[in-house]
Structures are given as structure tokens and as C-alpha cells.
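Below are two complexes that have subunit A in common, paired first with subunit B and then with subunit C.
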Partner chain A sequence: MLFSQDINISEALQTNALSMTLMDEKTRYSLRIKPKDLAAFKKASGLKLPAKIGQSIRTSAHSYLCLGPDEWIVITANENRNNLREIFVNMTAKFTYSYVDVSHRNIGFVLSGEQVENAINIGCPLDLSLDTFPIGKVTRTVFENAPIMVLRTGTTEFQLECWRSFAPYICGLFDRFAMDL
Partner chain B sequence: MFEVHCPYCNEKRPEIEFAYAGEAHIVRETKADELTDQEWAEFLFYRDNKRGDHHERWWHQHGCNMFFNAVRNTLTDKFVMTYKMGVKRPTKTQIKAAKNGK
Partner chain C sequence: MANNKAPYRTAGRGNDGSKTINFTFDGKAYQGVQGDTLASALLANGVHLMGRSFKYHRPRGVLGAGSEEPNALVTLDRGKGRVTPNIRATVLEIFEGLVTRSQNAWPNLKTDIGAFNNIFSAFFPAGFYNKTFMWPKSFWDKVYEPIIRNMAGLGPAPSEPDADVYASVYGHCETLIVGAGPAGIAAALTAAKSGGRIILVDENPVLGGSLLSVPNDKIDGLEISKWLANSIRTLQKMRNVKLMTRTTAIGYYHDNFIGLAERITDHIPNITPGVSREKLHRIRAGKVILAQGAIERPLVFNGNDRPGVMLASAAQTFQSRYGVAVGNAAILFTSHDSGYAAVFDLADANIRIPIVVDVRDEIPKDIRAQAKQRGIEIASGASISKTHGSTRINGVEIYSPSTGAKRKVNCDALLMCGGWTPSLHLWSHSKSTIKWDDEIAAYVPDMPNENAVCAGACNGDFGLLAALKGGNKAAGGRKTYKVTARNFGAGTTFVSLPSYIDTSKQKAFVDFQNDATQKDINLAVREGFASIEHVKRYTTIGMATDQGKTSNLNAMQIASNAVNKTVEQVGLTTFRPPYTPTTYGTFAGYRTGDLFEVERKTPMDGWAQEHGAVYEPVGIWRRARYFPKPGEDMDAAVARECKATRDSLGIFDASTLGKIEVVGPDAAKFMNLMYTNPWAQLGEGRCRYGLMLREDGYIYDDGVVGRLAEDRFHVTTTTGGAPRVFRHMEDYLQTEFPHLDVWLTSTTEQWAVIALNGPSARKLIEPFVENIDLSPEKFPHMAVREGTICGVETRLFRVSFSGELGFEINVPAHYGRAVWETLFEAGKKYAITPYGTETMHVLRAEKGFIIVGQDTDGTVTPGDAGMEWAVSKKKKDFVGRRSLKRPDLVASGRKQLVGLLTENPKTVLEEGAQIVADPNQSIPMDMIGHVTSSYWSESLGHSIAMALVMYGFDKEGEDIYIPIEGNTHKAKIVSPMFYDPKGERLNVV
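Here is the complex of A and B:
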């Protein structure tokens, strides 16, 4: 099931100082698992869910993001969707938990360049220095008036996800920032 | 803008990620159908509205999405301490210790 993501990113956002690209369509699952079941769930499913809020684990197949004490997002390529769903269905026999396909709710961007921290900071007051926001850290937060999720994937690279209807608004704000560079 | 310490994220986070959620430690009525209108109204609506150190609930809405409790001074708007749901109401001594910088 391919979706037209239909987002235009301006040319001002294609420089070395700041570049913004739209990620391919992805499969995303939201998981709620009781913390006391986590160890057994990981063993039974083989999924590498990090235990601590703000941690992420990226394997060759999936990204596992821990957003709350009992909440995770798993992001993967669409070709892995059926495999992953099969695992989740099998787990329902053993655990009381929830998995929800939120693939089309979110849209993902890759932001990179030496100005990337400053760019995100125009709408988000988090301290994004490497000491407090190291590579691999992920969190929900806000960007101006839009709820977002940020994941640091490199020294000067972030993955930013938002609900799809917020995407043009967020792109517009980055565009205005880039015009001032 | 100030920062609030979220006891679940275990770090200080910007105020705009949080939402206020009323007075804390209000025990839910288990026999609501046996209460008089006055008693029901008191459970639902009557609050201390304290001037000073106030026990209240906060919600880390744009973060870990958890509710937690806090002691905040309603006069100075300073957070004295925050603690997880299920933790007992801090005593006056504990509040005093928190004010003196833990």
C-alpha cells in the first residue's frame, strides 16, 4: 500500500548548512507493553526494545524507539511489514499488550548540516548539544505548535517525525530559517 | 520559560511540553452512588486552592506522556520537587529538605 506523501521541500533546504529530505514511506508500529513483561516479550519476540525512555536501537532491519516507560515505536521498511506483523500477532497469545499500525499517521524527514541544531531550536527549546542529546537519543517534543518526535542519528543529522497534517507547516518554518542563512 | 524535572524521563524539560492536571492526592470515591449531592460536589469540585506549597498533578504531554505529582509554590511559581505517581505525599520535612537543595 503506497501512499502519495505529497510534500514539497523548497530548494533553500538543500544546502550544506541545512538539508532536509523526505524519507521514503515507512511502516511504523506503536507498542504498549507492561514494563514487567518487557524482558519476556523481548526474548519471545526477538525484538530489540530498549528499556530506558529516550533510548533507541537501530538494527539493519528496524529502528526501535522507547518513548515512555511502557511505549515504543518500531520503524521499518515496508517490505518488513508482514514479518513484523506476524511476530506481533503471535505475541498476543502470550502477552496482554497492544500494537497499532500508525504508518500513515507519521511522516519522516532527515535533517542534516552544520546548522541542524540551530534549525530545530527555532521551534524547539530542548538542549540539543551532543552532551545532553547524544547520538541515538529520541524523544517526543514540540516544534512551534506541532508535536514532533526527534531522533539524533549523527553528529549533524536528525530524523524528525510529525503527524502528516503538520508537515507543510513544519517545512514552511524550516524554509524561512534557511532563507536567513 | 522555565524547566520542569520529569521523574519518568529523569531530566529537566521545557515547560511547554507539560500540562497542569489539577490538585494531587484526591482519592477516588468508591461508593459514589451512596453520597449526598454535597459530598459528591465536594469530591468533584472542592479544592484547597492553596497559597504556598501545593501538591498537584502534571502531565508530560509532549514527552513520555506520563502523569506525575509535584510540589509547586503557588506564590513564587517555583517547583520544589516532582515525584512519580503512587509515591506518598511528601512530608513537611521532605519538602523542607528539597528546598534546601536536596
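Here is the complex of A and C:
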């Protein structure tokens, strides 16, 4: 079956100042684990879940993002999908926790370039300077009227995820921003 | 310097004068120089008459030289969609080809017919509009209001959509400094050393503030112009400093959140399409230093509004900064020492000063000496009782109250200085407090409410040295400065200036923009308005676009004098954002057109568009409403779609349904608490209709819920209700039921949902489904299975909102369109027909299924809706349970949901129409209910409706009446199960 995210990124968003690319199909799971179980869960599952809200860890296989006191998102390539699901199913016997497949709920973008902070700041009210939002920091926030998640992956690179139907609105705002560059 | 040949052009510091700029005002061509405002350029050409006043159409010139200007409002015309009214000429930068017009004058500015308002001004007192036009009432809309709107007022509102685009951005800094005069620059130089991010913002095109207007004295041994240039260069070099010109701090909100409106293209001759005209910066600052300066106060005397009468500081600014002489002979009328600084500067630029009229008896010796040195006569203890001239002042009458002597002195400009008002606007926006300072007769900052501090004149610290020190200190410095500038001096406030003319006969303007006079305030007080807020509304003082920047304090003092109270007792009017008029575009920013609001679309939306769907908004989703074939209207399309679905097969996009995955060992317990229905016994792989109440017992939402596993439910909600249902659940989970081991995850967008309804539904999907036994025995109605369809994983529900055999196919969203297209292609042999929300509504209404929000309105209980069957009698608790026992919810006579069949089968009732029992009752009739849903049913060959009717269940079989638009329709109350009441069609094999 044809996988289609139905998103076109304009040429205006493919410059050195600001480049936006659409991430391909990923597997995403939302995990809810009791904080008291975290250490044991990590040990049993082998998953590198960070303990601090806003922290992320990237391994060769997966990205682990801690979004709340008991909430994580794990993002991985589709080839790891079955492995990951097997781990989650196995863990249900040992832990009281929740895993939910949200792979297609989100659309992910990689944004980069020297204008990247300014671009995200057209709709996101957070202070994205490197001191306060270092590489690896992740948070759920807003982009004008759209809920989003931002993860800093480099000095001038961010991963931005939103729910599927909000993506055209977000792309539209970045398009307008690019016109002023 | 200025090579421009304009007659009043001299040398100025704020413009380089090297480039001549051509522009027009009221069709006439003029020349200015680069750096001019429209006001300075017109004054350079000897043009003082720039507008007509709001109410009396009196000729007006400029009063100020900055953003406080109340008089000189013009319309800027940059072509279609770019006409902006009410622009202050004093801040409008000229550019090559600029086209401007005066306002509120007809046929032209010099000869304005509306000026008869001025002659008859005795008939236009304060509150005039409220009093005179009260009767007859019907005249207000059609006669009085249009005439008044036409006669009185400012420039006409633009009629074309704005052709420009705008931007908006968030920003952060450790220190935000508002105002780049001496205090702001001193603060920035000091704060910048800390290394934190500094933003220094100024509304002018150049930094410097009052430094550009005062004589070129010395700061720390450097000429002011040199000191300023050095300071700016220093700041520009620092990477942590951002200098923003043409940017107004318009509002100060909670937690040091400041709105900055930046004007990007207004001063540029050629606009590049697509480049933002203005940009709203939403800044979160660690600390805010307000260095907004002060605004000079006009004096309130007879004839103080004639063109050529202006603030002394404005004349000084036009002279020093713009290189424009405001006249050949300028008289000063003052009650404050600072006014002398202005005339001395003018005198030093060879402008004749015929006389200075000082209301005070005592004048400091050094000022007398400096005046004498320049040969300037001072009339102390004197006043100006009249001004002469029509569209430009040509003389004044000086009155000496001690002797009663009057004399006329000719002039072509009159400068006035009534002291200074610190600009507390942003300070007050932040809810910081202010206190009255008797010495300067003005309010000054008191206690901050945010991490904010005022520095310089806005703190009541006047003069260059005080400004520099104040700015430095505000940023944490302890530097001392050496300045050679004149002492700022002091003044006296006169509530009423001496005159031999009775105040009721004077035209002494307080609020220039709204044409309100001293007389109006006195009248308001006489008529019983004692609070300044009431006086303000009655006289409209301070309510114009300038928000009373030049008038508020004078008004307060006059009012307090009239009621014989102190200014503090009379009260203070409120400062509200924005500080200066701001375009709607700036507030909208990027959010215009398609970006105004998110419009959510489903994965299959593109297919629907390609197949001619007509859309409707549902919440912020857009959904296909129907799919018309050529020549079909909605009724025809819906009738066809309904018939096709009941005959064979319809396909419908149900992706917008809210979905919540409820997971955890206590999932069933939680569901038991959130929904009225029982969940514990629901088997894995089975579905149940769920009804959700609010705490008050009224229906909140509904949807089908599938149990995927012992500890996992797939909950669906209404489309519009999804976000609030999720919040409602999460709220209860966190606050009331935190002991439950259960978690909620929104999966609305994870799944695309394809609803197939009709007798052929099973036949269509059979070849595509794997790992699910579709036989009716193994997969009964209200069941859910996991498997694959078209090779894609699916959660397949056998449910029906149409009464037909139905499946809801959930597939991961990004495969939704591909699966849809595959099924649609294969469905052609079953005459598959895509249908939209309208047909969905008809099909469900034929079965009597409710739509929450249409057949319920937040006051309908399960009992009212005839849905007691969905409410568990055994459960000890669920949200809303206790409320269902409230006396008013169990009382008889509640409106109950019933079906209606009209006497004439073709009559489709209006949704929302009121229902009466007796159509012959006299008006007002007793209304016993209303129609909630109404459709033409192609399947029944009859219109159908649902309605909420008092005692509805007991009235089954009775007739009721729906009077609407001249017709009264008769209808019979019936069960709302119109079609296949036994539900046999669900079981088609």
C-alpha cells in the first residue's frame, strides 16, 4: 500500500538559511511508565529511557524522548518496529504500564540553517537559545494554534513533530517566514 | 547640510539633508529632505494647516513633533488596499513619491463647509450627541448617526482588503530597554556589559530621543552628537545588543511580556510583494527598563488650537533635529522654565522672538539674564487671552491681570509650555502603581508590579544629567557624568490661566483630537459627573486615538478644580495598550488567510476534493458534506447517496472521530466511572455504545467503544468533542481517580477511518481482509477485530450508524487514502457511492440515533433523550450519577426527544423552529419545544424530524404545530425510530 503523508515542502524552505525536510515513515510509541518502575523497566527492556523531563537520548537504533513525569516517546526506523513491539508486549507481564502505537499520528520534520531558531520562534514562545535549549532538549509546546513537539538535534538543527492534520498549517507559516528572508 | 530650497529649511542634526524627496499633500507637490517627517517637510514649506478638527472642523496644525500628536492626522495612500487613515504627520517618514491627504474637510482643507459646526459650537456641548438625538428613536440609525459619522470624525476606514502581509515572532532577552534617549542609551551601555541579551527599542527611525532636539552641548567632554554616535557604534558592535528603531513598545503584559510593533516597509518607496510590512515582536524580558521620557503639556487658553500654536519642545525639535523653522516670529507662552530653552534655541537660529509671556510672576534670574542677552522681552505675570488668524496664527492678545492691560503682538508661531507629563503608559499597563508629585504636578512611578524600573524623565527626573544618571543606575551602574547642558528648571501649574473673558466664552482646548474644551469639563461637572472616568466618557476627553497623551493631566486638573477636590481624589483614567495606534495587520501577524486558523483535513480529503466534494466545517476539521454529480443540488445528492447506501453500498470518511486509547489494568474501572454504561462484562473483541455525562448529569459526548484486550479500550468520541473529552477524562483521572492504574493516549490522528455501510459491505471487504473471520457468527454486530486489510494492519469494527450492515475500517493514517482508493475501485461492482456528513445525518436520523450537540444542547439528560437504557442501574458511581437525581432533572414536564412526522410529507421543517400545542393561541404563544433535526428521507418518501418537546413521551400520537414564516405546519409526535425499527437490516448476510 502506498504510504503518503501528503505534504509538499516548498522550495523557499530549502535554503542554507532555513531548510525543512519531511521525515520518512517512522515507528513511534507513546510510553507511560510509573516513575518508581523506571529503573527496573530500563533494565528489563534494555531501552535507554531518560529520567528527566525534557531530556532525550539517541542511540543507533532509537530516539527516546521524555515528555512528562511518566511519559516517553520512542521513535525508531520501521525495520525496528517488530522488535520494539515484542519488547513492549514482553514487559506487560512484568510492569503495569502503557504503550500505544502513534506512528502515524505524527508527522516529523527536520529544520536546519542559521535562521532555524528565528523560524521556530515565529510560532513557538519558548526561548530557544543554545544556553536554555541545548542540544538534546525536547518539549511539547505550541506553534501558534498548533500543538507541536520540538527536539534540538544540533546547534542549528531541530526535529519538529506535530499531529498529522496540523502539518500543512505549520508548513504554511514557515513558508511565510521564508518570504521575509 | 540642507540644500533643499524650502523657505523654512535650516540646518538639522537628525537628517543629512543631502537627498531631496518629492511628495504630495492634498494633490500639491512639495519637496522635503531625507529624514523628514511629513510634518517637518510641510513646515519647511511653510504649511501649518494640516487637518480639520474632529467635531467643529476647526483648522489645525501640528501640536507636537512626535507620537503624541493629536492634530495633524492624514491619510496615506499607497495604492489599492494600502490606504491608511489617521496617520500622525509627525511620525510619517516621507519617501520619494509619497501621496498624502488631509481628512475631515470638504471641499478642501482651507474652505471646509463642515466648519459651520464651529460657528454653531454653542449648540454642540459635551454630551450633545447623547442628549439631542434621543428622539425620535427610529431616527438614530438612519438619520442622525450617519450624518454625525460623516460630519464628525477622522479619516474614513479603508474599504479594500489590506494588500500587505505582516509578520510576528517571539523573542527573549535579559534586559529590554524602551526608549533610546539619553536614559535608554546610558542604560543600554551599562546593561550590555553584563553579557546578557539586551534589546533597545525606539519608535523613531533614529536613536537618540531628546538628544536630537537639544542644543549640541557636551557629555563627558564630547559634543552630544559625537557622544551619541560613539555610543551607538559601541552598542552596534556588541553581539548581545539588539538595536531596534521604528519599533514601538505597544503593550506591557504579565510576567514581563512586551509587545513591540516594528514598521519595516512604511518608509520605503517601493514595496516588494510578499515582504512583511510590519512585525509584531512578542518579547519575554528578564528585566524591563522604561525610558520613555515625558510629554510636554499644552496650556489651556482661548484659541490655543490655531495652526502655528504648538508645544515649545516641538518647535525645538523641528529646529534642531529636522532643520525646520516653525516661523519667522515665534512667541513663547509658558509656565515652566523649560520653555525658554526652546525659544533660546530658536533665537540662536535667528528666529525672531517678539516676546515671552510667562504666567509666573517670579522668573529665575539666570533665565532673565539669558533672555536679556538675546534681546528677548519677557512679560511676566501675564497671559494670552486671544489668538488671531484663521488658518494660521498671526498674532496674540497679551493680557496682564494685575493692570488689566491688553496688547496685541504679531507673530506667526506660538510656542506653549505648561510643564511636563512623565510617560507612564507601559508602567501602568504592567499594573505598577503611581503616585502624585505635587512639585511637578504630575503622576510619577511608585511601586513596580514586575521586574521593571523607570529611568529619566518618565521617572520624573528631568534634564540631561538626570536622564543619563537614571539610565545608568537603572541598569545597575554607578557612573557619574559631566554635562554642560542648561538646567532643566521648574515650573508652576495653573489650573486656570488669567483672562478677562469668561471661561464659558473661551475656546480653550484640552483634548485637541476629540475637540473637548475646558468649558466641556466644567459643564460635565455641573451636570453631576464627579469621577474622572465619568467626565472622560461624557466629554470624550482622552478617548481619541492619542489616548489623551497631551490632555489627560490638564483634564484632571480642571475637573478636580471644578469639583474642589485634589487631583488624586478625582481619580486617574486607565492607560490601555496599545501605546500608539497599531494596525490590525500587526496583531494578526502571519495569521491571515489560510493561516488564520488551522483547518484540519483527513488523509482522504484530497480524494474527496478530486471527486467534487462540498465541504462543511466541523470544529476545526473540514469534512465532505456531500458529493454532488453534475446538476445536483444538495437535496438531490443526499437523496441519491442515501438510497445507494441502503440499496447496496456507501463509503464515508469517519477519520475525524476522536479516538482515545485507554490502557492499564484499571481501564474498565475507569470506563465505568467516565461513562454511564457498564463495561466490566464487555468481552474482549466486543463493542458498546458509550454515553458520557458531565458532573451536572447532562449528556456531554457519546461514541462506540471497542475492548481490544482486558486492559485496552479503543474509545471513539464525536468529532468536535474529541479535545474536550480527552481533557475531561484526564482531569478526572488526575484529580478524582489518581489511584487507578490507567493511561490515556490520543489516537485520533493515528487512524484513518473508512466507514462502509450497506448490504454489500461485507462482500466488498472479504477479499481484502486477512486474519479476521468475517462470518456473521464469528464477527457479529458490535464487535472489533485486529488483522489486516489490503496488507495494512487494521482495527476493524462492525458497527453501524446507519442501520445497515456496517464496518468501520481503522488503518494507520498514512495508508488511509491508498486503502480507500483500493476499496472504492473494487466497490464499483457494488455501485459504491461516496457520501458525506449530510447523508450520514439523514441515515442516522431515520434510525433515531442522536447527534450530541445537535439533538442535545447541554441541558438534555439521558432520560430526556430516551436513553435510560444506556445508564447502568447497578453501578455505584459514574460522573453525573448523583446529578441525575436532582429534583429538577427528575421533575415531570421536561423536554423529551421525540420524532415528528409532518402532515404534509413534503414539508421539511426548519431546524430550531419552535413548537406550540395550540396554533390559535394569541401571541405570545406557549412554546413547548423545538425541532432539533429535520431532513427529507428518500427511503421513507416522507420528511422526518426530531424534536425536544415538553411531556414528549406522553404525547406520542398527538398533533403539535410549528408556526414559521407565515405558515403553520402540523405534525404528529411519533417514535424517532423511523426506519427498520426492529434492526433487521443489520443482519444481512
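The rule is short, and it goes like this: the second predicted complex is superposed on the first by the 179 of 181 C-alpha atoms of A that agree within 3 Å, B and C clash if a C-alpha of one lies under 4 Å from a C-alpha of the other, contacts with A are read in each partner's own complex, and residues count from 1 in each chain.
Quick note on the criterion: a contact is a pair of C-beta atoms (placed from the backbone, for glycine too) under 8 Å apart; a residue touches a chain by one contact, two chains touch by 3 or more.
Everything numeric in this text was worked out from a predicted model, so none of it was measured.
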item: Which of subunit B and subunit C A:V142 touches, first, second, both or neither; value: first
item: Per-residue touch tally on subunit A - higher for subunit B or for subunit C; value: C
item: Touching partner for A:G172 - first (subunit B), second (subunit C), both, neither; value: second
item: Partner chain(s) touched by A:L67 [first = subunit B, second = subunit C, both, neither]; value: first
item: Which superposed partner A:D101 touches (first subunit B, second subunit C, both, neither); value: second
item: First, second, both or neither for A:I53, with subunit B first and subunit C second; value: first
item: First, second, both or neither for A:N118, with subunit B first and subunit C second; value: second
item: On subunit A, the residue positions that both subunit B and subunit C contact, one per complex; value: 125-126, 132
item: Residues of subunit C touching subunit A in the complex; value: 165, 167-172, 197, 274-276, 282, 284, 589-591, 594-595, 597-603, 606, 621, 661, 663-665, 711, 741-743, 745-751, 790-792, 812-815, 817-819, 822
item: Residue ranges of subunit B in contact with subunit A within the complex; value: 1, 8-11, 13-14, 16-17, 62-66
item: Residue numbers on subunit A that touch subunit B, as the complex places them; value: 53-54, 67-69, 71, 125-126, 132, 139-142, 147
item: Contact footprint of subunit C on subunit A as seen in their complex; value: 1-6, 25, 30, 32, 70, 92, 96-106, 118, 121-127, 129, 132, 144-146, 163-166, 168-169, 172-173, 176-177, 179-180
